[in-house]
Amino acid sequence: MPFVLCGNNYGKSRVRVLKVTRHPDRHDLAEIAVNVQFEGDFDAVHTAGDNRAVLPTDTMKNTVNAQAKAWSGEQIEDFACQLIGHFLGDNRQVAQVRIEIAQSQWIRMDGHAFVRGSEEKRTTQVAGTRGGVEIQSGIENLVVLRTAGSGFEGYKKDRYTTLKETSDRILATALTANWTYRHSEAAFGPCWQRAREAILKTFAERDSPSAQQTAYHMGEAVLAAVPDIAEIRLSLPNKHCLPIDLTPFGMENTNEIFVPTEEPHGLIEVSLRR
Amino acid sequence: MPFVLCGNNYGKSRVRVLKVTRHPDRHDLAEIAVNVQFEGDFDAVHTAGDNRAVLPTDTMKNTVNAQAKAWSGEQIEDFACQLIGHFLGDNRQVAQVRIEIAQSQWIRMDGHAFVRGSEEKRTTQVAGTRGGVEIQSGIENLVVLRTAGSGFEGYKKDRYTTLKETSDRILATALTANWTYRHSEAAFGPCWQRAREAILKTFAERDSPSAQQTAYHMGEAVLAAVPDIAEIRLSLPNKHCLPIDLTPFGMENTNEIFVPTEEPHGLIEVSLRR
Amino acid sequence: MPFVLCGNNYGKSRVRVLKVTRHPDRHDLAEIAVNVQFEGDFDAVHTAGDNRAVLPTDTMKNTVNAQAKAWSGEQIEDFACQLIGHFLGDNRQVAQVRIEIAQSQWIRMDGHAFVRGSEEKRTTQVAGTRGGVEIQSGIENLVVLRTAGSGFEGYKKDRYTTLKETSDRILATALTANWTYRHSEAAFGPCWQRAREAILKTFAERDSPSAQQTAYHMGEAVLAAVPDIAEIRLSLPNKHCLPIDLTPFGMENTNEIFVPTEEPHGLIEVSLRR
Amino acid sequence: MPFVLCGNNYGKSRVRVLKVTRHPDRHDLAEIAVNVQFEGDFDAVHTAGDNRAVLPTDTMKNTVNAQAKAWSGEQIEDFACQLIGHFLGDNRQVAQVRIEIAQSQWIRMDGHAFVRGSEEKRTTQVAGTRGGVEIQSGIENLVVLRTAGSGFEGYKKDRYTTLKETSDRILATALTANWTYRHSEAAFGPCWQRAREAILKTFAERDSPSAQQTAYHMGEAVLAAVPDIAEIRLSLPNKHCLPIDLTPFGMENTNEIFVPTEEPHGLIEVSLRR
């Protein structure tokens, strides 16, 4: 046959698990969505319809559920590594297992009741082979907005430029960050917390001449705050809040009234490493 | 012509406004989405194509933007009443103006920076005629979950019943509440706060033999806590978290591992008044 | 107790069913989502936590699944009536059953393969009591657009008006229609087809001086085409496609380049009856 | 400073354009969403807050709008190349421009009216440097379902396997395909049409022992049908339609009643090249 199978992977996505850890005085709650992906020796599945090597994705889902019982319910990175250990141990035909986990936010009301937090997620992506694991963790959809200390001036103009320069605009984004740990023994919880705080503090406190420099400053701040992080990638959609022209109505808009828009949006991406 | 035009209304939906109120030491932020709907003498628009009575929906949008400047940025009920006053005053042909406002949650980080809260909204719907206004306010998408003190037993069985009775289940919902104020001079902010707290306290503290009784108890608690509320309607989707059967894997699931589901979902609705 | 339970209902939403009818030469496919709602004598459930009258919403889901086997897979109105007959027959405590069904679009490729159609749905809402049923059917999300024969002129202006009058604009909508049948023995399939065709033909062929008159003409056309329909309600969001100003770039936009927008949008609603 | 800026890019996403091409007898319609991304010499923007090299993303949006006027409205690949030519020509500081375009489906009703098709998109991603362009095109969200000729048997079992083998299941997917053209002079429209037909024909006509082999067969069929395609990548979420167990109700489900589910879902990915 003249065509080459040059890549393949398969797995199960959106395996949702809610784990309740029942302490005497309180319950802890972890809500996660897990993706599992296998790479390995699966050519015959594709070319010959021979399914003997295929662990069904339904079994992957069952495995996530059953393995969740042994997990502490604490660090998602630990659960990802636990799953990788299980899958690689039981499946000779698999060369690489990739686990992605996104954790939803619940805020404790009392010992047994919780209210939903924002749609920000704590995330991890762990790729494991028999040679070891690479752990990336991060944040998805951290939505922040500031009303002062942000401008955009001195940029290139051409015949299609209509944007006005401004020293005072709203800066809003729904940030995604992914960082790579230098080793698999980092203290994932405290590292995540410090990285998030460094991002928020940078956003709130450093003046922004562009979303680009703000993204870069965030990366610097995370690398400075968390020695266990080797590299970080930040993705900042620029969720434009446009000042509304009130002059047709005989009024002046002194940066008070804006329209938040969903599309189009800017998209700024930056990677930093030590 | 043998057909009767028996109802019509028109307006603009999803007019989004972000209002920044610039104090010397800090900025306040209000993000709202406004719907405007007119009813009145518009038969000729439909039957004869005569547009003279139509205030364009684009003008409605401009009006919301321009009027937002005079609004304090505080109570959405006040802004709805302000818009109604304007529209009824300027448009003889309009008999009723309905304004709906949903406010998004932003949490202050410092004087000029904010982080997004949950997807819960504070809402109001105000219907105004030249005879007065009726003000309903409420909450949309208040997502809560409790892991103890909730059961469902003693219900009717028939040949299609497979559900197991349980004295210990997860109860989770994304609550919507709408209440009617007894008059238009209520203290909307404190009333909203007390109503929300009554709902949360009931959810967290009262045992739940059914979502129905929990909804009813919430209604009672709100009416008890806020004398200015005449009537309340609650809508509770039952967002099922199903315990996963681990017995095929030789394990017992002692209410630890659940799968959160989106569909199908229960839907419980209840109205209470004084 | 000083508060009155003045209304309640409960049920199951988003019960999804895919029914395959297996003919010798081909399979037929029906994909539906069913909502069930009960009203009746449920006060003690709310006020006393007495669940004896409650048929669980899980049982409702099972019932929809089991009853789907006996359904022909053809008219959703028939399935709604079948469910109502079952629920009212078995549940003395229920005064009214409301069934809503939305059917997704699949286009046949051959005897056993299908490709998804548009996100338009065929819908029905049937309310049944021991006195009879009321059947409403309709269309959800019929998205149409025309590039000629639509204008908007001669409307009211005020100090907030900036919209330019135009005799040539794009008209686009995602229409919802709901009509009430005069009796429960209508030929639901052909009626639905003729109503839909009348709406499309009106949209494509009649000039539009406003979305309002287009909505009205659609209603007239449906009532004229389908004698079994007593009343119709149409809801037309005006999905604005705004012409882009190219003059800053030294170009003229002769109604060629538009930006489709999601928000804000107009919303036009109209009801007609015989 | 001890940290290295190791990557960056920026641009504008979701620039939506509706282009009407006005022929004497009819209008043609193209609705697209365009993403623009620049890579190049932007280090000073990030590290020094020097914006001189930054063409604002707002200007990118204006450019897409203005350039859309000169585009024929036919092949999205041509428009992507046109934009790349413009951006590279005017921006010495840019090393690579990436353009992504997704085209929505409209079905002609008559000369000037259109009804929305399915949510399937025709897509292209073109990466251009001063050395040339690489053109990938494809399909997003092609939703198909077959009710016969699909099974899943002979797979690996372990202690977590509960899935039953079956020779007769529903196979449903929302396919994404991306193929790379061998050169930039391909006949993009006919190639896209033939590739899509090859995918559909394979899905409908070839028996499926696994989603994996079906994906592989689709890739083979596309490469066989379109000589100008060098490589293809297919991504098939397995949108499970689960047979419902009716035995608790004394009924047998002979592959007639299924529940379509959104999560979890399988995900099968495969790449083939000549």
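In order of appearance the chains are A, B, C and D, and numbering begins at 1 in each one.
To be clear about the criterion, contacts are C-beta pairs under 8 Å (C-beta built on N, C-alpha and C of every residue); 3 or more make two chains touch, one makes a residue touch a chain.
Computed from a predicted model, the values in this text were never measured in an experiment.
Enquirer: Moving only from a chain to one it touches, give the least number of moves from chain B to chain D.
Expert: 1
Enquirer: So if I look at the partners of chain A and the partners of chain B, which chains show up in both lists?
Expert: C, D
Enquirer: With respect to inter-chain C-beta contacts, which pair, B-C or A-C, contains the greater number?
Expert: By number of C-beta pairs in contact, B-C is the larger.
Enquirer: Specify, for the interface formed by the sequence copies chain C and chain D, whether it is same or different in terms of residue numbers shared by both sides, with half as the dividing line.
Expert: Over half shared, hence same.
Enquirer: So which chain is farthest from chain C, going by the mean of the CA atoms in each chain?
Expert: A
Enquirer: What's the distance between the Cα centroids of chain B and chain C, rounded to whole Å?
Expert: So the centre of chain B lies 23 Å away from the centre of chain C.
Enquirer: So how far apart, in whole Å, are chain C and chain D when each is placed at the average of its C-alpha atoms?
Expert: 30
Enquirer: With chain centres taken as the means of their Cα atoms, state the distance from chain A to chain C in Å.
Expert: A distance of 37 Å separates the two centres.
Enquirer: Among the residues of chain A, pick out those that touch two or more other chains and give their numbers.
Expert: If we look for residues of chain A contacting two or more partner chains, we find 16, 62, 66, 160, 162, 248-249, 262-263.
Enquirer: Taking the complex as given, what residues does chain C use to touch chain A?
Expert: Chain C reaches chain A through residues 159-160, 162, 248-250, 262-263.
Enquirer: Quick one: in the complex, what on chain D touches chain C?
Expert: Interface residues on chain D, with respect to chain C: 16-22, 27, 29, 31, 62, 65-66, 68-69, 106, 109-120, 142-149, 170, 200, 203-205, 241, 244, 246, 248-249, 251, 253-261.
Enquirer: For a test of understanding, state which residues of chain C touch chain B in their complex under the given definition.
Expert: 1-16, 33, 35, 37, 42, 45-47, 49-59, 61-63, 66, 90-91, 152-158, 160-163, 209-213, 215-216, 219-220, 223-224, 231, 233, 237-238, 262-274
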